[in-house]
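One chain, chain A, links the two complexes that follow: it is found with chain B in the first and with chain C in the second.
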Partner chain A sequence: MEIAISNILFAFFSAMVVLPIIYMLITSNIIRAAFALVISLLGLAAIYVLLNAELMAVVQILIYAGGIIVLLLFGIMLTRRISEEGVTTEHRNLLLSGVIACLLMGALTWFILESSLQWTGDPVAIDQVERIGISFMTDYLLGFELIAFILLVALVGASYLAKRSGNI
Partner chain B sequence: MITFLVFLPFLLGFVVIGVYGERKIAGFIQNRLGPMEVGPAGLFQTIADLLKMLQKEDVRPKAVDKALFLIAPIVVFASIFAGYAALPLTTEVEGFGLSVGVFFLLAIVSIDVLGVLLAGWGSNNKYSLYGAMRSAAQVVSYEIPLGLSVLAVVMYYQTMDLQLISHQQGVLSEAPSYLFGIKSLEVRGVGGFLSWSVFTMPFMWIIFIIFFISSLAESNRVPFDLPESESELIGGYFTEYSGFRWGLFMLAEYAMMLLVSFLGAILFFGGWNTPLPNMGSLALADWTTGPIWGVVWLFGKATLFIFLQIIIRWTYPRLRVDQLMALSWKYLTPAAILLLFVVGIWKLWVI
Partner chain C sequence: MSAIPLTYYLILSAFLLCSGLLMVLIKKNAIFVLLGIELMLNAANLNLVAFSKFNPNLDGQIFAIFSVVVAAAEAAIALAILLNIYKSFNSSDLDDLNTMEY
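Up next is the complex of A and B:
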């Protein structure tokens, strides 16, 4: 019975991921498209929760839904003139992009089915935050430090650009 | 489940009483009477206002983007209310009990910016859009000092679960804790206010001040209410809203005030722990710790912070936009980073 409920939830959240994306492809209103993307990202976070990856879900909400989308909306609203009728886009290169998308999906499906990825047991039993933190500072230290360094470079670059174009 | 059964009724009741309290306190501060005509001492004024608001016509201007306009207030309120799910209520009843508690709370609350932007954009009105832009810039900026101050507490207690953080600040704690970090002043088993984080770690006071200032900005309260400043922007991002939808924005603002008050009480002032310490045979802390007492203390502390927020609202003038940004980026964020460093050193070498 429990499996059935979680399956229904999974189906619901999968629909929540896929349907807004389809709407996003069809609509020409950018703001609405961005909002559809948020719904889709939240659905993805919910799927992470169903798979017991709580930390991943929260990071998903914080960074994508809370951070990047707000930045995106902010960017759209700042670049366009405020009194304009609405921000719209048009559809171009339908065939080519469709073919590329199908190829990408086929390739991903093939890789996932062929790869030796396996279910690694019940992740509820471990303290995910602690485990992830420890592996960041031990096994993946180089990557972690590199990302931190790249982010620092981006920050310094951004503040330099802002200073040159603005009136200090 | 407790979120719906306990926090939702409490929130709705709180808004009614909170608006009345706000008016009365404002009247007191400004040396006037406040509401006094409807009912004894004006007690029913808010209820009358509420009834009026609910039966008001739901005006939808012709030029709005309908879907965004209608969904925005729901997004704002739902995202803030979802934050309540992480709050522990009392010794026995915790929130959803995940190890990522306070992180989840900060993440889900940050979605309300999205609702504000949608409201501002959907209204198709310059004032609304300016209000929304100001609000988004402000909330995104102040999330950084807020997050860093919360992170300092998380680092100090080595957990993100709010129930465990509360647990470590009281008489029930197993870990040794010292008053002001001084080794000879052992307060384990004494409990009361002596084992709250602000008393076991003196730097927590400064962190709390940073937390409190940024939480005021997060809930768009004076002196940070630029997004809805009526003298320049009419009503900010909810200019075009009326009736129940406007009420939802109001409800969301009060919900945010209450949520950050709860969070401040839990992180810095012991959550559901009693303020009364054990004194020899007079075991006040043991007597006043328990499921029922926990609710009393938690809600009492949160109400105190609300009171503080209301006093600040009627005492200080509004900040200018550049002052607002300078305060966040030039003062609060560096101070928060420095304090995070101090907490790290404290955790490594002092304790």
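Up next is the complex of A and C:
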């Protein structure tokens, strides 16, 4: 039985997602964890491409790997004096939390394997970006406007909060 | 043409969720907790996109894009609050935040 190229790609990109996350769990250096998260998010974007979701992959790269990571790095650099106290942190409650997470992982894996879900229906058409745009402007117009307003309010509020902290 | 089963994507998503939860629980620093929350949101996105692969309406992808926008807003607000906390407590360890006074 030959192995399809998509299976090899899925294995590679899954490893690209999983290994940096394990490193993030082990390490106590915050900067290294943030850059490991970048690798993990890029692998997730590749997984979206394997799922025929190209728009979602581009959104993932632009907003997560480009925007949120930069915000988090600014957060690290503004709240820590890197040269003096370093950027390390500590772990706590390792045993109990590990047991809880492993139990949840085991339960979820068991349920997923037990359900044996399959793909159904026809594959999506190739013009999905156009269809998503049309959906945003017709069926989901109210949600689209609301999410734009929420984003505006959140960004204005965030800049107000950060500015006030600078004055005090 | 052998397609990758849906369950593989769901198990990957479950791993993202559990590792995000573990990161929220074990790390002392607030930035690490934010990283864990981002991982959990990504798990939800992966589920939505995986379930919408063969759905011609593409509803799942639209909800995933909404979720990404909410995650961006959440990260901005959370980091602004974190900056204020660091200014008043001079620390970003969650164990030091033991009072509501300002």
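The criterion applied here is as follows: the second predicted complex is superposed on the first by the 124 of 168 C-alpha atoms of A that agree within 3 Å, B and C clash if a C-alpha of one lies under 4 Å from a C-alpha of the other, contacts with A are read in each partner's own complex, and residues count from 1 in each chain.
Here is the rule we use: contacts are C-beta pairs under 8 Å (C-beta built on N, C-alpha and C of every residue); 3 or more make two chains touch, one makes a residue touch a chain.
The shown structure was predicted, so the numbers you read here are calculated from the model rather than taken from an experiment.
When the two structures are aligned on the shared chain, A:F74 is found in touch with chain B and with chain C. Once chain A of one complex is fitted onto chain A of the other, the partner contacts of A:I61 are limited to chain B, with no touch recorded for chain C. Of the two partner chains, chain C is the only one that A:I147 touches; chain B does not reach it. Of the two partner chains, neither chain B nor chain C is touched by A:G133. In the superposition on chain A, A:F35 makes contact with chain B only, not with chain C. After superposition on the shared chain, chain A has more residues touched by C, the comparison being chain B against chain C.
Residues 55, 59, 67, 74, 78, 128 of chain A touch chain B in one complex and chain C in the other.
Of all residues in chain A, those touching chain C in their complex are 4, 6-7, 10, 14, 17-18, 21-22, 24-25, 30, 33-34, 37, 40-41, 44, 47-48, 50-53, 55-56, 59-60, 63-64, 67-68, 71-72, 74-76, 78-80, 89-94, 96-98, 100-102, 104-105, 108-109, 112-113, 115-125, 128, 131-132, 135-136, 140, 143, 147, 150-151, 154-155, 157-159, 161-162, 164-165, 168. On the side of chain A, the complex with chain B involves touching residues 29, 31-32, 35, 38, 54-55, 58-59, 61-62, 65-67, 69-70, 73-74, 77-78, 82-83, 86, 127-129. Remark: chain C residues 1-12, 14-19, 21-23, 25-29, 31-32, 34-35, 38-39, 42, 45-46, 49-50, 52-59, 61-62, 64-66, 68-77, 79-84, 86-88, 92-93, 95 touch chain A in the complex. Considering their complex, residues 65, 67-68, 98-100, 103-104, 106-108, 110-111, 113-114, 117-118, 121, 126, 129, 132-133, 136-137, 140, 160 of chain B touch chain A.
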